[in-house]
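First subunit A sits with subunit B, and in the next complex the same chain sits with subunit C.
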Partner chain A sequence: MKKEKVSKAFYLMTIPMAILFFIFHTYPFIKGVFYSFTDWKGYGDWNFVNLRNYLHIFKDKNVISSYLFTFKFALAATIGVNILSMILACALNAKIRCKNFLKAVYFLPYMLGVLIIGYIFKYIFSNIIPMVGSSLGIEALSNNLLGTDSAWIPVLIVTIWQGLAFNTLIYLAGLQTVDTSLYEAASLDGATGLKRFLKITFPLIAPFFTINMVLSGKNYLMAFDQMMAMTNGGPGTATTTISVLIYKKGFTGGQFAYQSANAVLLFLIIIFISVLQLKVLEKREERVGE
Partner chain B sequence: MNMKKVIAVIMAGVMTAGFVTGCGQSSKSKSTKDGKVQLEIFSTKPESAKTLQGLIDKFMKEHQDISISLTSQADAGTILKTRLTKNDIPDIIAMGGDATYTELQSAGVLLDLSDSGFTEKVQESYLQMVYDVNKDEEKKAYGIPYATNASGVIYNKDIFEEAGVKVPKTWTEFMEVCEKLKAAGYTPFELTYADAWCGLPAWNSMATVIPEKGFTDARKKGETTFADTHKEVMEKYLKILNYAQEGFLGTTYNDGNAAFAKGNAAMSIQGNWAISEYIKTNKDINIDMFAFPSTDKADSNTVTSGVDVLMAVSNQASEEQQEAGKKFIEFMLAQENAKQYIEEQFAFSAVKGVEQDNETVAGLKKDIAEGRVSNFPDHYYPSGYDLAAILQECALNFTNGMSEQENIAATLKLCDEQYDAANVE
Partner chain C sequence: MMGVKNASRQKKNNIVTIILFFFAALVIVGPLYLAIIIALKTPDQMSNILALPNSLNFDNFVKAWEMTDYPRKFGNTLFITVVNLVFTIFTNSAAAYAIERNRKKRKIFNALYYYFISAMFIPFNVLMLPLVKQADVFNLDNILGITFLYIVFGLPMNTFLYTGFIKSIPVALDEAAKIDGASPIQVFRYIIFPTLKPMTATVAILSSMWTWNDFLMPLVLLSDKKHQTLQLAQYVFQGQFNTQYNLAFASYLLVLLPVLIFYIICQKWIMSGVVAGSVKQ
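Now for the complex of A and B:
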């Protein structure tokens, strides 16, 4: 049997990337998994401790409370981002004026780093909003929200605002694939407005919905930058997500190995949730596709 | 050749290269060059690099046979620990008297300087702090304390005068001052709890004075708890919060410093490091410091002061290098040079007879000269113990209106739980 000859150029394009990926991503990851079975502090000697680190996670109140917060945050952010970006995408897809300008406006936050945005909003929430709040006599806004129990809400707002851009872009790409003649046919049959969206547009862009849900779910389960910039996990531990906890305790708290175990657990949880989302949403795609 | 084989070979090659570079030994520089002894000084405080370099240049002018290079990078603690694992110890190390020092000292790479005559030149109380962080609290000077910091209460002299209050010596007086300031329409404290570490200075001042001596050791062994010993500390901690400005939990260090410098509040619970920040905003600010009056016994209240910089010599260096290193430390300990260091760095000196004359810290001078100082208690807590976050949570409970008793119980319980969680490695 004779195989079809594949041009070497393809290998030249893919292999260097694969190697780099292995060195900078897979290899450290495997190392991290390895160290999660030890008592390494980040330097010096270490011993194998078997599953001790993993068993300790389930007894650690810090870990449990930050998982609960992370789930709450990820759920709110994923739903918020997807609803808003869907609305935005539909609006930007319509024949409105200054369409391209508006697209640029909404895409701008995505081009800035989350850290930069976080620091700017930290300033806004701690200086400008309290000033406006107290001059308008609104009790709830006259103090820095980041120093209260509701600190997670400003963080959520910033996260959604920043995350909108990418999801909107994907939905827009999805909407462009919808054949406009379908809309014409639908309007002849009397389907307009919300009904047209639910019965025609949404089923047709269902695969894009799946991608967005999975990607944003994964992103927000790993939320890190915005907390580091805006609250540093505080006040107290009120906005400590699991990634923040791993970073803080692992690097500054000398719990490198233990937090590696925590990171491995987070990895498994994210895989589980992503696969679950894919399964459920793909099934739904098939159903609505019928 | 089969494509797969080629890929395999490339992969193997790259991987080995990665391993080699990742675990390679950095070659140790030669100890002498052109007849000069080569020394490397590693400083963990990048902010003092300029001062240090000035002193090094002066030293090299006096000692033509010694050549010194200064290494001062950000995140120095981590770099030092990494170099420790590679057995690549700098010849002279200028570092804080903290957990990183303990790490180096217990690894046995530091030279014992007890017999070098340096110990007589520095204050006993700071030497003791270095002994305290030695492994098994061994009474040997592996590091010579050099510069120190001081934490207490910084107050605005003008506001104190206008309100007609005097510097308090006891806790009762302290509370009276707060009450009078409040009655006169001043905000007693500017607290900046949005940055978690800013909740520590008040705790640090009280936690060394109020609980029985030897708490930190007993706690480490699990013989006592925070709940049993720190109740008074917490009660006083919460009293202070009553006198803070509105929304103190949302005030960041930078914003609060600016507000204090503009005279928005009478006092701030911070250390000498904050003074330069105030001067940045208002160079005419009229301030001074006093020791935190933790108790009603004026004599037992102390200035919280830790070893900010100590000097150590590596015993891995060659004999000539060790001798040259000692010469350098001797040079640094000379009155005139020690004075230059603290003046430029706005610090205090561990060297006997060298005093910080700046008037913004004049109120502490007597306490420090008489040795009424105690170390930062958090230097003795396990490194993973995030007390700052616990105290921030306590402040959050306070602003949420939780009752004092409930808050104290909850916070101290959390202190103990977190301590136990951090004490296991």
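Now for the complex of A and C:
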């Protein structure tokens, strides 16, 4: 078989970029995996320790508790963001006035950096809410939540506040693909409200649900900025996610190799969860499509 | 026609509209309103936080501007964002074009396609430890270095976005230009690149938002004060702001302001761009 000619220009367009990508992205990644099997502190000599770092992770209370926190946080944020953004998208898709203006306002948080939003909300939760709470005599609100074991709730609220924008926009794009004549037919059959949503709307926007679930799951498993802004991982280590732990101990704690093992584990978990989500959600989409 | 129009106008759902306005004001605009009034107040006006300031007082902004060396930090962030944008658009679209058009002809292009796509699953947090060590060796702990890394790191996502779009451009277009004597680079430059405009808009928005708002990469790479970005500066100055909330909020607003202005001007364009990047129809 004669091979079609491929111009040199095409190689010129890709190969240099691919080489740079390998040197600055793949190579550090491989190096990280390599060091995860050593006892390197980030400086000085090192030895191979085989799987010792990995085995130690499963006995390290700090790491285990930050994994549990990260899972709890990611799950709560993913569910919270997706339920609320679905409701918000349905409301914005209704026959309302000033539709474009409202859409623009609700999308605004997407543009703002999480770190600064975190700082603004930190002030609201530590100064304004306790003030309002104590003047109204509500015990539960008169303390600074960020200093208690419930510190993760304000952090979760900020995460949802910011995440709603993107997810709502995607659901809106999905809802706009739904043929409204379907609704008329459904209302003739007596399907309205929640029933109509579950039986007709949701199956039709299922692909958009998949996108949102996978992207939010992955994002929130790596949550970092909002913790750094609001709690610095505390009080104690109550809101320390894996990313925060890797950053803190890996760079300054002399645990370069150990935290590299932690990073590799995080990577495997993210892959596993993303693939699992895609498989489960796509299967459900197919079933709905039948 | 008039009758129909009137009827549909009457059907507008006022209750939902009111609820949406109420929540937008309370939840979205509320915190930003707070930030603005706190930034405009002096500490002695803080006893009633929610009240409007007595007079418009921009002292906090002036102080924050000087204290954080705003012009330099703004310049740094703008440099990173603009240079990254220009290079990303040209290099990544060209790479995606070459990959997509030759995937069936040569195995290497197909392999590169899967290489980039699978790299999307490696988050930055996972490779930051060794990357920082390597950045020291290559002298990348500065503005130019971080810009270079952004251009390289955007490649997987942008290849994914661009190849999906290029697939829908008929190869006949390339062939016709080739018969007229155009080289592959000319075909790309004059035929393909202009056709890519909608996807280029998406890539432009996503990359700019990424570099402008990114905190983690500047945090681990840029230790020299002169090279800090706006986001990183807010983190570094937390200790110095301490309880001077008025000053801190003025500083936050100075960072948010360019984005807000940009958003007000190109809001429609941004929203459609983000949707196009996430939903492949």
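As a convention for this text, the second predicted complex is superposed on the first by the 263 of 290 C-alpha atoms of A that agree within 3 Å, B and C clash if a C-alpha of one lies under 4 Å from a C-alpha of the other, contacts with A are read in each partner's own complex, and residues count from 1 in each chain.
In this text, a residue touches a chain if its C-beta (ideal position, glycine included) is under 8 Å from a C-beta of that chain, and two chains touch if they have at least 3 such contacts.
Quantities reported herein were computed from a predicted structural model and do not represent experimental measurements.
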Based on the superposed arrangement, let me know which partner A:Y27 touches: subunit B (first), subunit C (second), both, or neither? both
Across subunit A, the partner (subunit B or subunit C) reaching more residues is C
Applying the document's definition of touch, where does A:N127 land relative to subunit B and subunit C: first, second, both, or neither? both
Quick one: classify A:M86 as touching subunit B (first), subunit C (second), both or neither. neither
Contacts of A:F166 with subunit B and subunit C, given as first, second, both or neither: second
Which holds for A:M213: it touches subunit B only (first), subunit C only (second), both, or neither? neither
Which of the two partners, first being subunit B and second being subunit C, lies in contact with A:D39: first, second, both, or neither? first
Quick check on the superposed pair: does A:R97 touch subunit B, subunit C, both, or neither? Answer first, second, both or neither. second
Tell me the contact category for A:S7 with respect to subunit B and subunit C: first, second, both or neither. second
Subunit A positions touched by subunit B in one structure and by subunit C in the second: 11, 27, 42, 127
Name, in rising order, each residue of subunit A that touches subunit B in their complex. 11, 15, 19, 22-23, 27, 39, 41-44, 56, 60-62, 122, 126-127, 130, 142-149, 232-238, 248-249, 252-255
In the complex formed with subunit C, which residues of subunit A make contact? 3-4, 6-7, 9-11, 13-14, 17-18, 20-21, 24-29, 31-32, 35, 42, 91-92, 94-98, 100, 102-117, 119-121, 123-124, 127-128, 131, 161, 166, 169-170, 173-174, 208, 211, 215, 218, 222, 224-225, 228-229, 242-243, 246-247, 250-251, 256, 259-260, 263-264, 266-267, 270-271, 274
Subunit A partner, complex, touching residues on subunit B are 3, 7, 10-11, 14-15, 18, 78, 81-82, 84-85, 103, 107, 193-196, 246-252, 255, 382-386, 389-390, 392-396, 399-400, 417-418, 421-422, 424-425
Which residues of subunit C touch subunit A once you look at their complex with the stated criterion? 8, 11-14, 16-17, 19-21, 24, 27-29, 31-32, 34-35, 38, 49-50, 91-92, 94-95, 97-99, 101-102, 105-106, 109, 112, 115-116, 119, 121-123, 125-134, 149, 152-153, 155, 183-185, 188, 209, 212-213, 215-216, 219-220, 231, 234-235, 238, 245, 248-249, 252, 255-256, 259-260, 262-263, 267-268, 270-271, 274-275, 278-279
